[in-house]
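Listed below are the structures to be examined.
You will see two complexes here that share chain A, one where it goes with chain B and one where it goes with chain C.
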Partner chain A sequence: MKKILTPLIAIIAIGLLMFLPFYTGAYFLHVVMTILIYMTLSLSWDMMLRTGQLSFGVAGFFGVGAYVSIVSFANFGINPLFSIFLAGGFMAVIAWALGFVVLKLRGIYFAITTLALTTVFSVIIRNTPRLTGGASGKVIPNVIFQGDSSKIYWLILTLALSTILISEIFSRTRIHFAINSIRTDEIVAKSTGINIFKYLIIIFIITAAIQGVTGAVYSQQYGFVSPETTFSLDFLLLPMAMALVGGIYSTWGPVIGAIVLGFASEYLKLIMPYGHLIIYGIIIILIILFLPKGIFGSLKNKIQSSK
Partner chain B sequence: MKRNIGLVLFFVVVFSLAFAVDPIKIGAVNPLGDITGNQSTKAMRLAVKEINDAGGVLGRPLELIVIDSELNPAKGAAAIERLATVEKVDFFVGGMASGVHLAQVPILKKYQKITVWAGAASHQVELAMGPDADWYFHLHPWDYQQGEGYGIGWREIVQAYPNVDIKKVFLAYEEGAFGTDSYTAYLDLYELAKKGEGPWQGIMDEFEGASFKSAALGGGDYRAMLNQAMAFDPDLFVWAGYDADAIPIVAQAKEVNFTPDLLVGAPPGWPADFGKNPLAENVILYGMWAPTLNDVSPVAKHFYDAYVEMWNEEPATYFAPLGYTNIYFLVEGIKKAGTMDKEAIISALRTIEYESPLGEVLKIEPSRIIPNQGFKYQKILQWQNGRQEVIWPLDLATAKLAYPFTFGK
Partner chain C sequence: MLNVLHLRLNKTFLIFLVFLVVIAIWKPIPLIYGLQRGGLYSLIGLPLALILGIVGILNLAHGDFLTLGLYIGYIFFTQLGLDPLISVFPLFIIMFLLAIGIYQISIKYVLKAGELNQLLLTFGISMVIIELIKIIWTTRPRNIYTPYASSSITISNFSIGIYEFLYPIMAIGVLILLQLFLKKTLLGQATRAVGQNPKGAEIVGIDTNKVYLIVFAIAFGIIGIAAGIMLPRTSIFPLSGNAYTLKSFALAAMAGLGNLNGILIGGITLGVVEAVVQSIPGYSGWSDLVFFGVLIIVILIRAYRGSES
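On to the complex of A and B.
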């Protein structure tokens, strides 16, 4: 029964999401698009975390992807849609090259180095004004699909669903066991014959590419890049908070976290124009304090213990 | 009897509904957690209250619907979508931060409602908006206009004060977009000045710049930059950074004994109570408004007093009178058009001259790209005895320029 039910629910959910533009307004669609963008970042951050590596490079990879897309379109006339793929490919190559250096590091050293990468990328972009527009950034005359909200939504939805699919592949294939054992005890994992570097670099490349593509889509949606907004730490801190609230080391934790925090943020703003960010912060702290495994992790535990 | 009363009440309700007047809806997007957006919103609410107390516009009351942009581009863009589709506003007003506004531009273009925008000074916004947006009115001077305005101002000051001599200009700029854009604009103006053209001709024979890391972004040590400036020995020293840099820059300038004849700060906002710091004395600043304008402008005084009375606080940023201007300018346009027809209001807004609480008359002229630009220049102000005195424009001056600069005790 479960074998039929799960794919059925997935098909219905995807169908509902696909047809969302036909039965909802532009505002709700916009909010959903923003949630899907952060969900993708949150999930990709969690995928790296599952290896035991805490990456703070999300905003950096997001920002470079955004710049590759806008610059390749504005300077070289590359098709916007193709520029998004190009951003993903570029980020994969960058991550592959960087991986040989940063993946030798562990723990806080890896975290700080990936955070520093964001600053390094930003400084390079600020200092190449002819290519990138420098500190003031770059705008393009038209946003992707001429601003058609439905088409932009489908593009973002495709990206989010692809990320969920990749995450599920990681959870359901033998990669999952390799990743888990690396996180649990690297020495034991190594002694059992797991090629730690191979798995780490694969995940690092894939997550960086996802983050680069997300940045590219976001920049094409709004039609501009600037070092201050494109490399904003919002693109690191919010996805992290979403994963922590939803529950780390799983696909559905970051997804649930993004939905809960995304809608809570928007709803709180409407009912409480002043001070809503304080309440929002308190909600995040309370969930992390009282549900240390996140919403999904706690629910899963409860269901399992009731069986 | 009871039946009759019920009947009367029924007719009262029916007639009230039948003759109820729909309000004119204005949608505002401001960063409410920031002092600029917070005070601008309060000033907008003041303007709406005054207009409604006076009978509204075209016989209809105004309704202001405000959404927080949180200084986040995606949130700012979603706010415009909500105002257009859920709240169904007639006009858009706002807002601050070029990064947020750039994300709003595609959405504003989608709806093409009449928009009067107070802030967002980056020329990139103008580039994104393009020349065809006749429904878009931008009030704040663009970044390049500000550089031109300062040149015009200093030239007039040099003419008005024979003892003031400006030949060498040094610009210290924070390394982010704001500072770097300022530097680029100065470089362009310097190139013109070298050819004997542009607003800085005759007062910028030599120019040099140096960047610094703003205290707002983790910096705070300006000594290397100040020593570079001291070696250049400028007549006019300008720093373009953030409010967090204001006190440390002056303190460290005093520490390294750097006393240019004119010391100017050009941050978008100043720290609260900067004027009470002894180091503030004689420091020059650029801005669109100062409370001392109350001495020379009845409109400024009316705004100031009404704001204090309504909110029990003093307006501390020029975004407050700018927000007030934002609403009044739009309403004057609707009044002049005498209709809610979009084209008629656009035509009216292009021709009205609104005497603003910023001390000057707001009238629309084309800028480099967009057809509807409001204010062109900022003012040159100086801290004197804890007050921001207006030095230029000369016709609005509230005090004489204290020259040369010396550190307060």
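On to the complex of A and C.
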């Protein structure tokens, strides 16, 4: 029964999401797009976290991806859709090169180094104005697909669904055992013959590429990049909050977290234009204090204990 | 003084002195700017390092508490006409009490919950503080004027503020008091014991919870002092303190956990290097890279040394 039910629900959900532009207004569609962007970042951050490495580099990879896409389109006339793939590829190469150095670090030191990398990226971009527009940023004349919001929506939806798929592949195939063993006990993992570094670098490259692509899509959607907004810590901290609210080390935790926090913040913005973030902050504090496993984690525990 | 700080003539300290002498010969003016700025970095970095080293929590709201301190000092000045340097005392007390409150209602519960939850909790707190400040005071930048803070001396075309010399002096003063507390008082010794081995400390009958509470309160008190000192020379807006969170963290990581003297050496070194880079025409924009470049290099050297042994 369960074997038929799960794919069925998935197909219905994807179908509903695909046809969303035909039966909702522009505002709701925009909200969903924002949530999907954050969901992708949240999931990619969680994928890295499953190896036990707390990455603070999300905003950095996101930002560089955004810049690669805009610059390659505006300065070199590359097709916008192709520039998104280019951004992903570029971030994969950067992550591969950086990975050899930073993946030797563990815990809090890995976290700080990746956070510092974000600043390094943004300083480099700020100081190469001929290429990137410097501190004032860069505007492109027209956004991707001539601003057709349905097409942009499908692009973002494809990105989000692919990320969910990659995350599911990670948690269902052999990689999953390697990842878990690295997180729980690295020395034991090493002694059983797992090539820890190989798995770490694969996951680092994939998640960085996803973050780069997300940045590229986001920048194409708005047609604008600037050091302040593109490297904003929001792109790091909100995805982190979403994953924690939903429940970490799973695919569905970040997804649920993104939906809940995404809609909550949008609704709060409506009823409280100024200072809505204060309630958002309080929500995060309360969830950390009273629901440390997140919504998905707590639900799973309840279901398992009732069985 | 050297005795209290335990700054024996070890290798790091010697290299630091040689570095200062070289800069003094090569670029004397940036050296002075750097000393001033580095003093401020050290003063602000100390409380973060104290909490990180002893409680083991990275407080992402560190800079935002500094901002809060600045606004409270601003109110003291505009409403009560209290001089910023005198407001250091009430600021210490207010921040001390605030820390107790925040510790009791939130931090206490995440001590055993793992790094991630701690980071996110302090991030939530940071968000609440910034938004609260925006609601109460709006985003308009504010400044206060005190005649003594703008006095300066001029050495061949460069004018150097005199007030800023207070930063390194205060940083050294606070560091000495802190070391005296940690080494000479019973409570301070208990604090060090908890920092080195919390479980062991608990076994011998130290109330770790109380120690953590006191560390938080003292650290916040120092943030209050820093806020009062920098008030006359700082533009006050909701993100004033924000940049200091990561820089303080960088200093703590460079110095190594629990090494408070290292914060002073690291802070001044980075302040000086920053000032030197800024003095090179056309490259001043790259000075932000100094902190993070050095941070990454130091962490990597540490990591590789660690993996070899």
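In the analysis below, the second predicted complex is superposed on the first by the 304 of 307 C-alpha atoms of A that agree within 3 Å, B and C clash if a C-alpha of one lies under 4 Å from a C-alpha of the other, contacts with A are read in each partner's own complex, and residues count from 1 in each chain.
We adopt the following convention: a residue touches a chain if its C-beta (ideal position, glycine included) is under 8 Å from a C-beta of that chain, and two chains touch if they have at least 3 such contacts.
Predicted model, so just to flag it, every value in this text is computed and none were measured.
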Superposition on chain A - do chain B and chain C clash or fit: clash
Contacts of A:Gly147 with chain B and chain C, given as first, second, both or neither: first
First (chain B), second (chain C), both or neither touched by A:Leu117: second
First, second, both or neither for A:Arg126, with chain B first and chain C second: both
Contacts of A:Glu228 with chain B and chain C, given as first, second, both or neither: first
Touched partner set for A:His176, first chain B, second chain C, both or neither: neither
Touched partner set for A:Lys190, first chain B, second chain C, both or neither: neither
Contacts of A:Leu277 with chain B and chain C, given as first, second, both or neither: both
Residues of chain A contacting chain B in one complex and chain C in the other: 126, 274, 277
Partner chain A, residues of chain C touching it in the complex: 58, 106, 109-110, 113, 115-117, 119-121, 123-128, 130-132, 134-135, 246, 249-250, 253, 285-286, 288-289, 291-293, 295-296, 299-300, 302-304, 307
Chain A - residues contacting chain B, complex: 25-27, 29-31, 34, 37, 126, 133-139, 141, 143, 147, 218, 221-224, 226-229, 234, 266, 269-270, 273-274, 276-277
Footprint of chain A on chain B - complex, ascending: 32-33, 66-68, 70, 72-75, 77-78, 81-82, 84-86, 98-99, 102-103, 105-107, 109-110, 122-124, 127-128, 130, 175-177, 179-181, 184
Touching residues (chain side chain A, partner chain C) in the complex: 49, 54, 101, 104-109, 111-113, 115-117, 119-120, 123-124, 126-127, 237, 240-241, 244, 248, 274-275, 277-278, 280-282, 284-285, 288-289, 292
